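Before we start, here is the structure in question, set down as structure tokens.
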Amino acid sequence: MKRIAVVTSGGDAPGMNAAIRSVVRIGYTKGIEIIGVYSGFKGIIEDQFASLLPRDVSGLLEKGGTILQTSRTEEFKEEDVQYKTIEKMKKQGIEGLIIIGGNGSQSGNLALAKKGFPVIGVASTIDNDLWGIDYTIGFDTAVNTAIQAIDKIRDTATSHARTFIIEVMGRDRGFIAIDAGIASGADIVLIPEIKFDIDKIIYNIKEGIEKKKKHHMIVCAEGAIRANELEKIIESYLDIDVRVSVLGYIQRGGSPTRFDRIIATLFGERALSELIAGNSGKVVGIRGNNIVIVDVADAVSKYKKINYSLYNLVEEVSV
Amino acid sequence: MKRIAVVTSGGDAPGMNAAIRSVVRIGYTKGIEIIGVYSGFKGIIEDQFASLLPRDVSGLLEKGGTILQTSRTEEFKEEDVQYKTIEKMKKQGIEGLIIIGGNGSQSGNLALAKKGFPVIGVASTIDNDLWGIDYTIGFDTAVNTAIQAIDKIRDTATSHARTFIIEVMGRDRGFIAIDAGIASGADIVLIPEIKFDIDKIIYNIKEGIEKKKKHHMIVCAEGAIRANELEKIIESYLDIDVRVSVLGYIQRGGSPTRFDRIIATLFGERALSELIAGNSGKVVGIRGNNIVIVDVADAVSKYKKINYSLYNLVEEVSV
Amino acid sequence: MKRIAVVTSGGDAPGMNAAIRSVVRIGYTKGIEIIGVYSGFKGIIEDQFASLLPRDVSGLLEKGGTILQTSRTEEFKEEDVQYKTIEKMKKQGIEGLIIIGGNGSQSGNLALAKKGFPVIGVASTIDNDLWGIDYTIGFDTAVNTAIQAIDKIRDTATSHARTFIIEVMGRDRGFIAIDAGIASGADIVLIPEIKFDIDKIIYNIKEGIEKKKKHHMIVCAEGAIRANELEKIIESYLDIDVRVSVLGYIQRGGSPTRFDRIIATLFGERALSELIAGNSGKVVGIRGNNIVIVDVADAVSKYKKINYSLYNLVEEVSV
Amino acid sequence: MKRIAVVTSGGDAPGMNAAIRSVVRIGYTKGIEIIGVYSGFKGIIEDQFASLLPRDVSGLLEKGGTILQTSRTEEFKEEDVQYKTIEKMKKQGIEGLIIIGGNGSQSGNLALAKKGFPVIGVASTIDNDLWGIDYTIGFDTAVNTAIQAIDKIRDTATSHARTFIIEVMGRDRGFIAIDAGIASGADIVLIPEIKFDIDKIIYNIKEGIEKKKKHHMIVCAEGAIRANELEKIIESYLDIDVRVSVLGYIQRGGSPTRFDRIIATLFGERALSELIAGNSGKVVGIRGNNIVIVDVADAVSKYKKINYSLYNLVEEVSV
């Protein structure tokens, strides 16, 4: 292959830039021209291409977001748009595409690969919800950001002996909530995957007050229940002062961690090798300590289980 | 004086611990016993006293919140409660009180001083709203926390070319919003002190889009308008994707900055000297580079002006 | 078991406190009394014991260092000291010991286990040098601290177009250097495991200058070569301005990351289970995503290989 | 004025980019073309000019270092070089120059202003050593970086009950050392301005050990004594384990704080106004809360006093 394009798509995640840098620089050493696509899939349709050289990606390891910008791509779900996308790339002499993104973006991978265009995905989303892959780029940073925020909130919670509900990202999945909950010492963690029992929550808080805990911290994924709804429910049961904090978009940004910078670099390298080797319709990720490829159809449609044993630890360590 | 009590009251602020440490250690070198009151003013009524020695306040400089804990004190506004408070302290042999807190807490200062009990306040609130004092303990840290959060959000705003509204603390005053807005490169800053013009905001965003600005950032104090209300208004005028982030409680916590650690140390020292010198009904703060005392009646009732020239700079530097 | 002791030993590592918290709280829920030993192994000899309850370990997840304090323990290598240690513990009714520490400390594990006292180790050292274990508690935090420091130094390196040598910890092993090097975009990484070629380094820098790289960053483990020696060597070959930064002790401290807090919690839990199950002479660690136990004799004496493929990537991504 | 140049010179400081951004954007709104000079004064001689527009300085508020790069400029001290510099600028139609930098760089200001070329300086150096100016851009960030590093080191110092010497920047002046020392809870602070008494240091450490202080922290400016020399001296008097950490270049980099971002923005604005008003040979700084101008001859040659009352507080609060 002589010319490969790289695109970031869907929600941005810390480490996307590190993956772009890896693709550009390793492509360069392999004698492949790397074409950056701007603004996600729609950038292909709109001819937003630019050749990227090693110096163009200097200083990117530490930078959150994506210099290629990104977009949500509803219209890309239509077949004729997909065909047009392939046509546009062929006109540019692009022989393969690397898609850096999460679940929605890798559906684009599946669609293009089915139509015969060589595509390899790089698993990158703070949601960490791709099947067959332990960690996607951005998750580690997002959880670290969340726990640093919760550490700050605990200062206030302790100072006022208050109950706090902290809402973290996760519309459908509780990966961020479980890790952030365990790592920040939450007393209760609520996730979309497990129906919660309000009586148990109330009991737990009451018991904590009796045990003279200085504060109570509930971490909930936005998809389990919205924090302000839970606040009202708890205040209807107990005569206590409940406060709410919705961490929101700070979880998406910021400088990536060691882990995200390193896997981004490794994923980028592997995506290139796979394209060169003639593979398509795969997503690059990590399993255990191994960089692996997963069939994109499996990655986006099979159900990735949460770590129940980690989840169950919440109660034991918050006694 | 042989025995002085110290209490933290109202909302916690980063640097309160540093002020406690300063009072305890400098008190010790002066041969004064320092009594910590737990849980704010109500701790006095409830006899929550403990003698504090230098080793009890080790490691506190870097710690957010307040180890003495704090509380809001509605009932303390009643005269008989105030008399009881003085009585309780006298019973403990306490000859003076240092109140670390903001506007509400210093009203307690005023009440007790009027009744003849020696009290000196230490200006500490992230709201920075005490008249006659340029900076209160906690403000610098709160704004630094806010701008670090906004820096992260800008990664996403830039990556998606989106308009973002970031709501910061400030029910009545815009001090945090102005400083956070200027320091994070906000295009628009909304504060309670100045009525905003929605047409101008819309025009400003439109113009920015034409100038190909990658994103728009609006920083609003919660007291100017709630972010989600503003979101709806903007989306009713413009066909753009607006996102909202409410920074909330993270602004209260965290390890204090250089500035807050140093002024906390200096304020604590000065509060002791003032009590020893026989002063009462004052609040210790900073004006320019000088540690000053302000009559508590003025501090809590006179209106502290915002910095209009700084506010007006927002537009000029966001072209 | 009714009473189990926990000790931290050797160099402190971020996450040790999280492991102590986990042992204390999970022990409590299992009905086991947890005895904290202060000041490392010598604390056993000196009867520095204290019973720890769940509230004693509040707020520890986010705290670097070890509240139990630690010490280097040369004298503990003598057999009679080891026998005395066992005797002292038996006198306290202690039936098992959890040793949180790295290579040196786990040699104590081996010694006591051989003499029949039940001991389980928790792998915790920023050096990450225990065989059979992918990650020890503290390593992830140490590398994150290092890369945040190097990010700051890169600001100056870029501003002055300078060559910088950054020395990271690692007397015998290059784990920190490799990960910090890849994650901070180092052009050259020097580790104790691989003899370096000064001609190649000089060539690499020269070539970079010709390619108009804004700066050059060399990350070296202290055990490969001291930074100031390398500085002199490079300046003897090239007429350039080389600067040196020795990161030093900042790498040991600080609030632990998501990863270190979580594995510390899991390791603590597993160590308790192993003692209860009657195991001894093992070290708890992580391999892939699984919490595992390793024979302590293997953990401390077998040679853990570095990740050569990661190491070799340095050159490719710094073109 | 129609065309004004801006240059960063000498050691880089966090906030220089924010000052560049301010000059470029406010210049733009005033209808003045801003020319960026690359690589410091030598960039003028070498015709390294580029016109800067508002979008060229996007995202700069949070970025450490200087995008214009900088250099030390020994040869600029020669008169003929200074004349050539003026000539070069005039050829470009440049009518005024803004020099962002510290003591050395502002000497260039003095030289050019004396020769009739309109120059205004912007006080920016982490050393904070310009007379008549309370704070220079970069100092607040540098000290905050230092105290965050020392906070990490304290984790280890406490865990091992060790004495630590932390060397901070400051070849000639102790501004960083005093503020970092007070704000990090140092027991002893050594600065170039005050001769230290080794007997007193030894006594202080001994006394601390007797008072069961968990650790001792000495903060020394590099210009007072090098940390490793002091280590040897202390170890020759006392049988204790002393460790050393030289913070070094991390103090120069990193994202600027609230304070540095705001004063950088204000200084940039004022520098432009002064040039437009026909002033020259001044340096813009802050005194109290007022943005002020100082005669450059005074700024670079008069002696700025340290804050002795702050310095004297070290002992009182480290009891």
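Here the chain labels run A, B, C and D in written order, and each chain numbers its own residues starting at 1.
By definition in this document, a residue touches a chain if its C-beta (ideal position, glycine included) is under 8 Å from a C-beta of that chain, and two chains touch if they have at least 3 such contacts.
Bear in mind the structure is a predicted one, so any value in this text is a computation, not a measurement.
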item: Path length in the contact graph (subunit A to subunit C, fewest steps); value: 1
item: Per Cα centroids, the chain farthest from subunit C; value: B
item: Centroid distance [mean C-alpha coordinates] between subunit D and subunit B, Å; value: 28
item: Distance from subunit C to subunit B - Cα centre to Cα centre, in angstrom; value: 39
item: Rounded Å distance, subunit A centre to subunit B centre (Cα mean); value: 35
item: In subunit B, residues with contacts to at least two other chains; value: 151, 154, 158, 214
item: Touch relationships between chains, expressed as pairs; value: A-B, A-C, B-D, C-D
item: Subunit B contact footprint on subunit A (complex, rising order); value: 8, 12, 14, 16, 39, 63-66, 69-71, 145, 149, 151-156, 158-161, 164, 214, 243-250, 252-254
item: Contacting residues of subunit C [partner subunit A, same complex]; value: 21-22, 25-26, 28-29, 54-55, 58-59, 61-62, 134, 140, 143-144, 147-148, 151, 154, 158, 179-180, 182-185, 211-214, 255, 257-259, 261-262, 265-266, 269, 287-289, 310, 313, 316-319
